[in-house]
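Pasting the structures here.
Across the two complexes that follow, chain A remains constant while its partner is chain B and subsequently chain C.
Right, the complex of A and B next:
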């Protein structure tokens, strides 16, 4: 006899313990599966998994870079999700932000580096914010379904970015991915790259700035949601729109404003991806991370710090899978399988944080209800 | 055949939790081919009782007989099987479907087949037989409230219901639509169907029913033949004898006009008038009680004053501050009212849906009122914490802490203390409360009454929407009675009787409404 009862609440210690157990169980299952498929020594498998993220300095920076971009997008989703506004348009908001950065990179590269970078970041934020505000406005004005709206906005953004990138990167009619200002012989070379500002050239350490900037964003978002009037209004609207109205909160304004912030931070992630990582923009700059971030944000219960942890875990699994795929001659989908296993466990353990499961050998007394 | 009743309820008891007994040992018969009106105040257990016939609830004790045979109704499906059709207050229709599609929704027909033309034919036959006006192909979203109700009724008839239960069917109808509905009900009666109608409106009871059964506070009071009943006799049965509660009612020294409402008219989203030309004045230094059966416009009235309801042109709501400054509240939203410096407090009926945020702890709920008090972009914290501690101490709120446990997990009484405590903490000049003691035990209720009286003595204009007439009569200075969105009378609480108010509550002025 299994009895399932809804929990009244859960201590934070137990909820953390359940999640950690879920991750460990998932990793064990990954090991078992890899062992069954490849017959390799489990120790070797572990080595490869860890090696994917920490094997070399280069891989470590790669791990950090990916974690940070993913965290930045997830943090951007936090205000929307906290408001129970299901923004699944981070992909598009990020791309539009990237486009904003790219415009300045392409046409205003003559500006000195620091102002150029600041302007790029600002324009990226504005572009992302506009892309977020549009569904926010329609929700406020006509109660348009935000989930569908933000989703569709992604596809519009992808097409816009594809169009301009093909033109500006001079790759019309080819399948090449161009790099803006990427030719070493051009005067514009390296303009608008974060690394250029500090080292004059690109190397792995460029990611240091990316890491620092994103950590600042994470802390700022945490403080915004927790301590400001606007953050408080977001929480109230998220729990009960009606209570918010009674308390004199203008809910429509909160929708639009919070979506501007949400889109703005996602746009900023786009700027970072362009300026600090890929130094170009294609539709694959976002690479589905706008969607992955939804899972991260949701798992973290809109807590920005937890988002970094989940983003790190996700990235770790992704890289571990890639590494194992190459070490054991498996194809690329292998990493997706492993990531899927971990996500399944982490999402699945939500059940145990919400419900209590008890096994009783027999039940006493007559008919049970 | 003539001897068996359509439905017999024997010793039905239904409890919710340990304390609340919604139905206490109720026995009731429904004869074949009669219209039985089920009468009672709010919370007297009418809907609960009917829900046990409809398969929504399962009785804790007692038996149900249908056509003389004992039955067990475990689900709405069982209920249908026994020929019981329930028409709920809130319609359960799919908006994008047509009338006919809604009618057959969920029926097990022939596998994979939906014979629309035969459905239409049957629907038309039913409509002709009883005098409904229905277009089987009309989509629900194009329908008026009354048309939707017709679909609900045809739906249960289509399924072969012999007993129809209508839960306050006229609450949403205009007088003309009500007349049509009653005509249809009489036709159904002629056809041998038995009907139970739940309503508050006495004139309708007298108009349409054959027999009246009265419930009061979960108990069965008795039944009378409608022919021998009067509005007065039914009111007496419904409200019972007056009980003395001994609520202290000191006289305020000076009463000044604080809130003047003139010709206030409010329509809901469907355009139905919820308030119709309401005029009154609330005085600082008195408690103005508002009585009326549920849905007579109480909610809309308070919301209109609080800036949450758009008023129709011609409406006037004036606020006169203690200093004597006048301003109009028309067109102001709650934030405008706050910004104008008007200390208006509101304890809404729906505690978690309107007054509080259930998932937040006490402090964060107090913040709803104080968070703006801090300068700059940061929300106030210290003030809310101090206030929360004070409320917990002063009002004896039982809680493990003020800043961790979600307020939803406190008991109803403690939740209400926090809400009332927060609303009076700003020393309001106008304090509105809706059903402030609903679900609370005696002690907490008295504490709330005392707090309200305290506010009155401080000069606030207190508006108290209540349902217990005994309390209204002892607590308030004046009582305004609403009926169907209109003011049916304003009485002096010291001299008025329960019967007087009971009559006003049900005195639906039909000719005005038409």
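Right, the complex of A and C next:
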């Protein structure tokens, strides 16, 4: 007979151990599946897996860049999740942020580099914040279900981006804006590209700035949630709305303000994706990362540092899958299967951190459980 | 006058497209309603529809390949068998995906939103992986199954079309494969189940207040597992319909099924969890998505703006529902919450 009881608390060592075990189990399953699909030597499979992220300098930068953008979105979700507000709209908030950045990059490139980049980041934050505040406002005002509301906002954002991709398309019929300010003969060359400001060349090392900026965001969010009055209000609202009301916290204001911050940071991630990585905007600039970040933010229990670790793990699996796909002539979507498996395991293991499972011998005619 | 007639004709064509389009999301939404009425918010619908789609294609290809030599001797029964096998595969594979979701959220009590999103990633991956690999074998088409699913009664359609001149009522109403009508039947059956049967009422009790339902002696796990798995199966049929009727029994690696899956989730809200409202809601969503076809070139990019309308309408409904607070329009009260008996 199996008995399940809720744990009162769990030592951090045990909870880390459970998660590490889950990840190892998932990795072993991924190896077995890859072995079954390809019949290759498992050692070769492991080499390719690790090689996907760390094989060459270029791949390492790719790994860091992807990890950091994903972390930035996840960190943006932290204030919303901490107050138990299901912000599923990171995808749309990021896209709107990217749109804000792109508008300035495309039409206001005459502004000098540093002010231009700052303005781009600000407009991205404003666009993202507005996209976050709308569901926050309706939740505060009429208690509209935020999960479904933010979900719909994503698709409205995608259609808006598609609309601008149509009217600004680079080559007629492509519905693609194309690389902005990428032609050497134009005066706008490299304007609004983050790398221009810092180093003047555009190889992968420019991702270093992206990494540093996101690290600052991560630490700032950690400090905001932990040491400020607003961060404290967020955690009270998250624990109990009634307690918050009784303590005189204006819950509605906290909803709207925190969603503005949440959307703003996600919009900032959109700015980074546009200015530092793609230098253009498509409907897949967010590429599902808004949803992946939700899983990561939730797994990390709103701890920004853990988010970076989970984002790194996710990116590692993603790149491992891509690398194996190209090395063993599998299809590109192979990496989605692998990341899915790892996430399922890490999700499932939460059960063992929250509940205790005991196996005991069945009593003869014993009482029903 | 002739302008009006040609408008009528293109309107009827648009409506026909809308019905086909609407049927995909109708299946998806009906499955999701069943799941949500049991309190399980399954955001894995896009993934499940992907899995249903690839399941139907694999099943049909396998059956056609394995029994192709029997086709002559079985005559008319062979395509029927193909369709049955195809539907079983679509339903079964989608149910397995639902079972995974059910196990994680009900038994392991993981968060439903997060598990659903993971299932969407996983389902998209596995379906496109298999589908893409099918493409590398050469172009494969489940032709017998697809043609059988798309078959319609030609004389009836022609007769009605001749009666209604430009509006082509016959094509509009009857030039669809049987799954269009199956979707409507499922909606009616679901409505009957949820409002008129004891089991349906018990299921709704589970979705509204799990602890009370538990105290009333309802087997919570059984209800939740079954509603989630069967719901996933129904959603999976939407993927099957998409592959077999919408794109002729082929596989195309694109994000379309995913987008339709999210539209299905939107439709559930739009219909305020009512199966009958889903039927016309699905066709309305279809009409909105194809509206640009009716007024082509209104302005540049107008199609993108029109395709935004289903989501905007859904938002409006969501706001109105929370504004008016009518109890019968609200989401199930325990939607999205894991249940643990010892924690009250």
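In this text, the second predicted complex is superposed on the first by the 354 of 369 C-alpha atoms of A that agree within 3 Å, B and C clash if a C-alpha of one lies under 4 Å from a C-alpha of the other, contacts with A are read in each partner's own complex, and residues count from 1 in each chain.
Note that a contact is a pair of C-beta atoms (placed from the backbone, for glycine too) under 8 Å apart; a residue touches a chain by one contact, two chains touch by 3 or more.
On a predicted model such as this, the values are computed, not experimentally measured, just so you know.
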Chain B versus chain C as contact partner of A:44, first or second or both or neither: neither
Touching partner for A:240 - first (chain B), second (chain C), both, neither: first
Which superposed partner A:250 touches (first chain B, second chain C, both, neither): first
First, second, both or neither for A:227, with chain B first and chain C second: first
Chain B versus chain C as contact partner of A:335, first or second or both or neither: second
First (chain B), second (chain C), both or neither touched by A:84: neither
Residues of chain A touched, compared between chain B and chain C (which is higher): C
Chain B versus chain C as contact partner of A:59, first or second or both or neither: neither
First, second, both or neither for A:145, with chain B first and chain C second: second
Touching both chain C and chain B, counted on chain A across the two superposed complexes: none
Chain A to chain C touching residues, read off their complex: 5-6, 86, 88, 138, 142-145, 147-149, 151-156, 159-160, 162-164, 166-167, 284, 288, 291-292, 294-295, 298-299, 330-337, 339-341, 343-344, 347-348, 350-351, 354-355
Footprint of chain A on chain B - complex, ascending: 306, 308, 333-335, 337-338, 346, 348, 350, 352-360, 364, 367-369, 371-372, 374, 377-379, 381, 405-406, 409
Of chain A, residues touching chain B in the complex: 8-9, 227-232, 235-236, 239-240, 242-243, 245-250
Contact set on chain C toward chain A in their complex: 41, 43, 100, 104, 108-111, 113-115, 117-126, 128-129, 132-133, 136, 253, 255, 259, 262-263, 265-266, 269, 300-301, 304-305, 307-308, 311-312, 314-315, 318-319, 321-323, 331, 336, 340, 342-343
